[in-house]
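So, here come the structures, one by one.
Heads up, the next two complexes both have subunit A, just with different partners, subunit B and then subunit C.
Then we have the complex of A and B:
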């Protein structure tokens, strides 16, 4: 084997890893086209997009940094309440609301990361779960501010940047959500393919060695936890802006569990797992749920068992991958 | 000048004292070997030097500076690198990625979050040069977990060297390497840059006497004796506690 070529090949391969795959272009073009081509499904598509963003934020933790969380809705819900209260008290301009919610949720993430990062996986599961339960109960008790169990209504949603109305306009509203998701996906992709992103992978892969090559593991994990919390807060703010009421369901255990479920169905560690998972989850929920709710629970449980047993890393994607891999091998054979 | 010095270093786990009043001095540029029978406390000592464990008593000095209270990654920044007895690698990454990661962290560029990993030509160039030196050029882009054990062992040392340490701690570098690939590792160890101080922890006497210019013998957590290879080889006490056990070696 010619060594010079292998060296060049591996450098090229390294560059190729961070380049956009053609499927990604197809996906985003299709998403943009759906604004015009699928008007009847805008409500569902908006839900999928927001869940995808929420799952993406969890993927940054679980897929790249190896941090498990059963309470990610804490940041989602916090962002939603902050966005709603900010809109009610200051301005209803959505982008400003997203930024404020993102910063607020990020700060909450920063503060709670110090608790989460202590200990092992099991400790982390318990601590994240506990944080979300505490946040839920705070939202419930502070009903003078949050509306408690009745929810928070009357949030004004002004035109985006003063020019693009989204209030009660499903197509515009979906386009707005999609653009926000695209920007944040783009940023996330930059982050996971940066030296910082690689250091997270190193910590996930082997924390002992990571610290032995000079990586300050805790600082890096605090940073990614803050970023992920901020993303979750923005996803929550998006839902608040596109739904008439912010309620306790934004922050409850079901939401934390669902987002984890979606991410695992779609697969972790390649950013699109959340999209695949939430699309499958919500579409299946809609269609199977229409037939009978019990069926829904049955099938989601069944899917989870299958995926946990056979396709843990990349979820359903690994099944496609296997098929694609098999096709490629067939082609490669003379 | 001592590259490394420990002063009254002690570690207790309940009633067990794996490191007991150790006063070790490693000269700048030395090829120093630390030997001792199984359970003598060699690995505990390494963990105390690298900051994985906190000592119960005593100080650790690197080049005259007290580093006792520094965390592992801070000690790396001060110039301590180590390899592990059992490979500690990044299975998902390729050797190129792993080496480039170490170089980036060494240059304090690990917090770059917007620039693409591997886009810094200087870092990639250095990583490739280092990989070639360690016989990894033909597997640069492979997943580390799929490499043969000998290559992984080379990478284990390459990662430590990529940090450009002043002091390198080698924990049984040839452990588990098949006889046929052993000479590669030994050549690698012998070819380490002369300005790097090396502390070698090793069981294999051939490696120790072929490599070291100074030997410390650790027994039951205590520094038993220290000297030139010749002195150690001829010291009857050392033969009794250590070499005597392995006369068939």
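Then we have the complex of A and C:
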């Protein structure tokens, strides 16, 4: 066996990984079908799609680059405010708004990445948390611009590209959100299966070795942080465009914690973790929230503790695996 | 002006008493315990129930609050925390945030979501003038008690067998184990005492810190600031950091109420970026 063959083999293996799994086709077809088949659930589905996108952006950081963030809502909220202000002051065309919000949040991510990428996990946790808190305070204090605690209302939402109205049309706005999500998932999939994506995983695995084989660790991390911030900003802008008010809850700690929880429930490092997580989370919230709205918090906490105890990086799936494994062991014993 | 300084010191002292347990878990045991504030809250509510419902004297409720929080801390350490010592920081964060959410909801369920005040005895209310400086009796009490705790802590750490074991375990766990020190037990006991102190602080400061179910989340960042800015190599670091934070926070709220929080978070970020080991730390960590 010569080296040419092994290189060829690994290239084929990588290409195979990059190709779409049949489940992905099924998933997106089902999502497209839900636009027509589940008209009563469009509000919930829109929420799920937006949270999935937000969780995806965190997955790029956590699952691929290994950066822990407790303040990812900073970029989500920033994108939402930028989109709303842009729509009020310039044009209400949604796609333009998304692009502007994405660029703005990306720039914020670029600027803050220099702070985040120093130090250890713990310092990163504190710094990301601190950045989100500072952003919250800024949004709260600049009430002449952001509406402060009252929220920002009166944002115009024109038809998409001038032809596709989404304002107060749940089906249309769900379709719009889905298409945006699809495009961004597609791009994310290309990113994580590119050499760039593999270098991120190398850095996550072992920063010292990664840098000694010539990967510029800091530049790569800055790049992925910027991309993730931009994704989060677009998710925020989507939420701003589909709900009538942008408020401080877009940027508070609860949102950062929730998105982390969703991602962890679904599992990190395969892009669709956020979809699974946010769907489970929001559906559970709807049902448990209906029974005991006040004590929903308890069940989130409980879920977190259980997941932290038993699940590693595959979220709910690893719990299933454990149960299955335990059942098999039981069967094997007698 | 001096009154603000005085109030700030009282506030800082409280923060220190609550956060010093966290300095040990976070700094020494390398465990990200975001749930530390929950123990402070439990202590506060314990004192509240004792004083307001059962009419126990305020002073008698303090040791009970300490014991209550310490027992729960010990229980949690032995049953739950112990599984997370060798896990990644992310898992520790998830687990402890989960604990915070659960405690908040449980407290909300049993005691309601509104803010609670402990009935202070009459002799602790009001203030007197001391060379033109208005001094609140309650805050004076806080400072005295906290100073006492600080001195006792220093003595225990510096001059007792347990203190030297703890310092050994922290300096180098493996060698300490090799010398026959039961490191697990030392850590468990330290964790319990840390939680107890947090509970005591919560009970003592219920009036200043505003006792309500979301207390742990609200003050989480303050405790983390104390520990990360103060460093963890000694007790003095977190102590100085909490006094600074206390004075800064009170003064900020007084002089520039609109920008108080903003300034503190920004300072925290700057300190963390420039000196990840803490402001008063002496250099390298392990």
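General observations
Here is the rule we use: the second predicted complex is superposed on the first by the 301 of 334 C-alpha atoms of A that agree within 3 Å, B and C clash if a C-alpha of one lies under 4 Å from a C-alpha of the other, contacts with A are read in each partner's own complex, and residues count from 1 in each chain.
Throughout what follows, contacts are C-beta pairs under 8 Å (C-beta built on N, C-alpha and C of every residue); 3 or more make two chains touch, one makes a residue touch a chain.
From a predicted model like this one, the values you see are computed outputs, not experimental measurements.
By the touch criterion stated above, A:211 is placed in contact with subunit B alone, subunit C being left untouched.
In the superposition on chain A, A:37 makes contact with neither subunit B nor subunit C.
Using the contact criterion defined above for the overlaid structures, shared-chain residue A:23 touches neither subunit B nor subunit C, since it reaches no partner. Once the two complexes are laid over each other on the shared chain, residue contacts for A:291 go to neither subunit B nor subunit C.
Shared-chain residue A:193: touches subunit B; no touch with subunit C.
Applying the stated contact rule after C-alpha superposition, one finds that A:163 touches neither subunit B nor subunit C.
Shared interface residues of subunit A (contacting subunit B in one complex, subunit C in the other): none. Residues of subunit B touching subunit A in their complex: 50, 52, 71-74, 76-77, 81-82, 84, 88-94, 96-98, 101-102, 104-106, 109-119, 124, 128, 132, 137-141, 159, 162-163. Across the complex, subunit C is touched by residues 62, 68, 70, 115, 118-123, 125-127, 129-131, 133-134, 137-138, 141, 253, 257, 260-261, 264, 294-295, 297-298, 300-309 of subunit A. Residues of subunit A touching subunit B in their complex: 1, 3, 6-7, 9-11, 13-15, 18, 190-191, 193-199, 201-202, 205-206, 208-209, 211-217, 220, 223.
The touching residues of subunit C, counted against subunit A in their complex, run 26, 32, 80, 83-84, 87-95, 97-106, 108-109, 113, 217, 221, 224, 228, 258-259, 261-262, 265-266, 268-269, 272-273, 276.
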